[in-house]
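First subunit A sits with subunit B, and in the next complex the same chain sits with subunit C.
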Partner chain A sequence: MSSVTDRRTGSPLHNLLNLLLRNHIWVFLALTVVVFSLASPYFLTINNVGNILTQGAFIGILAIGMTMVMIDGEIDLSVGAILALASALAIGLQDHMGVWPAVFLGLMSGAALGFVNGTLVALSGMHSFIVTLGGLIGIRGLVFVYSGENALMVQDFSYTEIPEIYLGPISLTAILFFVLALFFQWVLSSTRHGRETYAVGDNIEAAHDAGINVKRHKIINFTICGTLAAICGILLSMRLGTAEPNAGKIWELWTIIAVVLGGTRLQGGFGSMWMTIGGVLTLAVLRNGLRLLNTPNYVELMVMGGVLVLALALDKLLNHKEDR
Partner chain B sequence: MGQTINGVLRRHGLILAFLVFLGGVAFNAPSFLTPGNILDVLRQVSITGVMALGVTFVVLTGRLDLSVGSLLTLLTVIVVDQHNFAGPFPAIVMTLLAGLAVGAVNGLLVGFIGLNALIVTLAMLSFLQGLVLFYSGGANVNVANAQETWFAVFGRGDFLGIPVPVILFLVAAIIAGLVLQFTSFGRRVYGVGGNETASIFSGIDARWTVFWTYVVSGFTTGLAAIIMGSRVMGAQNTIGQGYELTVLAGVILGGTSLLGGSGSIWRTVIGISMLGFIQNGLLLLGFPYYVQWLVTWAVIIIAVWIDLGAKRGRIFA
Partner chain C sequence: MDDVILKVEGITKTFPGVKALDDVSFDIRRGEVHALVGENGAGKSTLMKALAGLHKPDQGQIIYQGAPTEVTGPLDARQKGILLIHQELSLSPELSVAENIYLGAWPTNRFGVLKKRELRRNASAALQALGCGFGPDVRVGTLSVAMQQMVEIARAEAFRANVVIFDEPTASLTDTEKEQLFHTIRGLKARGVGIVYISHKMDEIFDITDRITVLRDGKVQGTVETAATDLNQVTRMMIGRTLDAYFVKAKAEFGEEVLRVDGLSKQGLFRDVSFSVREGEVLGLYGLVGAGRSEVVETVFGVRKADGGKITWKGGEIDLPTPRQSIDMGMALVPESRKEQGLVLMMGGRENTSLPHLRLFSELSIMNRSRELATFEKYRSALSIKTTGPDQAVSQLSGGNQQKFVLAKWLCADPKLIILDEPTRGIDVGSKSAIHELIADLAEQGLAVIVISSEMPEVLGVSHRVLTMSEGAIVAEFEGDDMTEENLIDAVSHHRGEAAA
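After this line comes the complex of A and B, so read on.
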């Protein structure tokens, strides 16, 4: 895409327009922020912005891993279930072994399940949609087998204080999201693994012929995705002080919505963490803003569906323009 | 000879493994393969089964429909609510029409505008969930005169000792199978799924073909909603949540390829029934309820892997 846009380097106006078109999610985000600021006096307050960042950070952390997997041309539907298992283990194991070992094991469960997903995809050649759809069902089963049908409660409430560190209005959870997003943007744009991610997603055969170990590469990205899902689950368990077996249900769908809204393509080979951050923030702003305006819950769901289709249509329109 | 045994195993290995499973459970739980239990299982799978028939059409073109779960919720709420408001017959007509309409919107967006099917139907899932809450106001709806309405026949009735939902499922499956095998629409569906570009050059209008598969999917979900509404005689706002994944799991388990072009209705019937019998069998053997999900995970992976490996000629990619 860059080669075409480069040729158009004519007037500064043209350049600006192209820049805006390529970052349309940020334009849209700015628009929604302006609209909600005008509509509600409570929207653009420091407290509320902090809230939005914290609320968005959970889907955001899932979205980082999903972006890595999606640029590879794969998908991970099991992140919601992995999240629930990690949060159940982090709380359930505390009584036996103390807080940090339990948290560590929660993390490891996510990494292990991500590794299993990746290995199955790489070894079998099945589409990741099928593998992780199975994972979504089975891992949720693991959660219920482990915790029964009841929510696990934390005994020592100092556990819920851990993420209550604030940098001004910004919570530790939000900071962690941004740090992780920046780190993986660095991985994508400045490391060999990142370049390989785009190569594999763009043309897997060419990547293989070029000497990239495609299988190992995919396993690594699925493991990253599972680990990030576990981080999200542990943060959620800290925030709530409980681990519900149904936690994170259909969050995988919200995550995919956020990533696609940002502009990363399901077909692979195209996308970035900047886009994903834009998508995550847009989703969070929409949900928060609509609630501040006192709209009923159903409006939120309907707007989200509409926005997603619009984003997709816009993306298609822009691509067609660049194809010509 | 070895060649033919190999061929049979490749083509029907999944079904053989399933028969072994049935035998194993029946040996340990004598009530498993009794007519009463078999009919119970078939009645349990009839709702997901009917939905899976329509989804099979969509998957055969290489597309997905994730909106069927939310659509089932919406249509069940509509059929139950309109049953109180307008009577059973208008309620059924309205439900089927609403299903067709939602299918048409999906078909328009995917078939004609050419947007990604996964995202479009995901957006529709969210939108329909909103529509459900808008329509019902968040309250559960119930059929007021559940004891006397003839509407009960779809979910609770028996005909010659066979539950009506099972009959509906099987009749719908036979019709769907005939349509796929013996009509030009059916061949167009396989054509578009097998090689879309080639099918377009052969004079098939892929846009209309994809459009109609989504309409079929909307219609079968309408049928499923009628069975569901009649069986439960009420509807919660989350009654169909997660059904899209169960349905898809059944379709995949049957061996229909997500890439399109390969699969059939009878495979879907087998896949959905397998899910039902596995769940029922594990419960009869005394396993905790949620173990069935773990087994479903393993069965999906193993079944699809074997299927793929057989086509490829070797196990690993």
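After this line comes the complex of A and C, so read on.
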């Protein structure tokens, strides 16, 4: 049966090339690191690397949930607003019930909103873009109502000490990001739920025919995404000691950019946490590097926009080649 | 007989307006390949979907391994040992071969963590049993269609299937791949699996199957032993005679020749096709599905590129045209699948009618709405289209009325030749005769008309002349009194007999 063999098992070099093609973001990340370390002597210092990781971790935690939802072929635009609500609740409720119950309720608010998002998407058949766009606006409104349009301040400043744990230069926030990313990578590759995620995003008909409960599955992933957004919001409130009603505004866009930059497919069915970590770090390196070079904010935006389009064009080009 | 593994008894399934299955009974024995044949719309797919749990039958029962069984869904069917292999494969390209074989039924511990080693081992075993040359870890998206099909067949091994249903399995396979598939099917058969084989390709049916069940209009026409029958008999059972409808034939007054095709060929689809059609003439093109009828007219129109041949338009030889050129010359092709190719379903009748000719309805790119409306009204009354108004989305209309809009859309460009591919498929009887009348009208107004149809009475009823096609070639031409059902059946089946022999 000569023709029934895999035409793509080749030499180790070939396999390595394939691996790189499918994980192009790491190549891109390495490039940006090289460029910035040449351009600025401060870039590759231990302190700065620690900074990059901490700064990137916030978008990173959001990106983990976004990756789950996006491999499913859906999108969640409400993560920025959920983050703001969780952060406001975690600080605002402290006076009434103490720190940890408040944090717990903040977390639950994210899980609950994610659950609502998922349920609406799964049961109504509406596109998640619309559902979570509604969430983006509505939940943000809720935050303003709750906070009375003011930033909420912590009374007890020991709250801001909680995440001040470091492993060498790496902050607790960054550690949490990596641990969560690794955990969800394991979920994707080694659990039934993970396999379902790919199957649903890849060929929903086949998944349905195979007896996968597509609706329940999507609700779970939206709930995960909402919960992670709340975790991110709580960490942010600890870091800043305040909860701004505008916190996390347009972070959903940066999150999507990081995930897509990593190579996870917007249409679903393809992606991984490795890619997302790559995308998150690339984004963080770009921001940090451009700031070190004292680039004005608008130039920074222009560069980031260009990079996004460039990276995706590259991906399109490479993967197109792979399909031949 | 106790070697019957699955038996269908009196299954009836009605969809709004159509009786898709009407008291259908048949059985599958262990170790046999049982062909299910019939023209499009005969009910084959509905029957298979009922077996796989995708449709719930209104009446009747499925007796599986001697006991009445209800199949609740595809996974249930699979776990019971009934496996449907779709024409469009049901796989996730980004997952591995092993993960696809067990799609949705992965071995896990009770926390939902995959037992990867077990998955891999079982998948390996299934692949080896089939003699597949690829491993369980390969990503399915990198495999060829034939290999992907093997992944689906591996499910038969993995789930120890007793019944495997193949729906048009060779549609996108090369000849070598087909041989390999047949080898695999014979292997399954030798192990006592009952196999249902659905195909339009008669040579395959006679090659691989043991019995043939013929479906027509949702009814079983009979089951015959493959060895004890021939193509002629099967073809007759498939086509049969349907209710004689009332047909209007245009007066036979022909003018100049509009289109002449000489020796048109396209590798793998049709060869050396020659014909001509005159003003005022209705030319019928008859043949079973897969004979190459649609491909020929698509090539004439320019949707496909021919390998060789000559096209003469109104006496002047022309280069093989592009669709735009064809439209500009005055050719119109009304395709078979109007939903995919003919209409924008969300738009109303007004917009659909003017869509291919926006230039005629606009000045400086600004639409002239009143001219558009006037045209819409003209065709609405001329074709008696039932719609609530110019802006009712055509998706809400019946198949017949949709088809009329497709016609209107092409007619308002004032074509000289109109090609209708299965113009009455899937539409109700009333609309059918309205379209037949329209065809006669058009011819009497001097248009040349080519009608493709698999419905024999229709082809005979509306045409002045009929060409029969089989296996990519025109095999006979009938005119006048020679245009009879007997002659058409003979032409199609004899040729097929020769081709298969």
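Here is the rule we use: the second predicted complex is superposed on the first by the 308 of 324 C-alpha atoms of A that agree within 3 Å, B and C clash if a C-alpha of one lies under 4 Å from a C-alpha of the other, contacts with A are read in each partner's own complex, and residues count from 1 in each chain.
The rule is simple: a residue touches a chain if its C-beta (ideal position, glycine included) is under 8 Å from a C-beta of that chain, and two chains touch if they have at least 3 such contacts.
Computed from a predicted structure; not experimentally measured.
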Touch check for A:A206: first (subunit B), second (subunit C), both, or neither? second
Where does A:L29 make contact in the superposed view: on subunit B (first), on subunit C (second), on both, or on neither? neither
So, A:C232: does it touch subunit B (first), subunit C (second), both, or neither? neither
After lining up the shared chain so the two structures overlap, which partner does A:A111 touch, if you call subunit B first and subunit C second: first, second, both or neither? neither
Touched partner set for A:S190, first subunit B, second subunit C, both or neither: second
Can A:M304 be said to touch subunit B (first), subunit C (second), both, or neither? first
On the superposed three-chain arrangement, identify whether subunit B or subunit C touches more subunit A residues. B
Does subunit B (first) or subunit C (second) touch A:G134, or do both, or does neither? first
Where on subunit A do subunit B and subunit C both make contact? none
Can you tell me which positions in subunit B touch subunit A when the two form their complex? 109, 113-116, 118-120, 122-134, 138, 241, 245, 248-249, 252, 258-259, 288-294, 296-298, 300-301, 304-305, 308-309, 312, 316-317
Within the complex, subunit A is touched by subunit C residues 54, 73-76, 78, 90-95, 99, 103-106, 108, 111-114, 116, 131-135, 138, 142-144, 146-147, 150, 176-177, 180
What does subunit A use to touch subunit B in their complex? 120, 122-127, 129-131, 133-142, 144-145, 215, 250, 253, 256-257, 260, 266, 296-302, 304-306, 308-309, 312-313, 316
Give every residue of subunit A touching subunit C within the complex, in rising order. 1-9, 190-196, 198-199, 202-203, 205-207, 209-212, 269-270
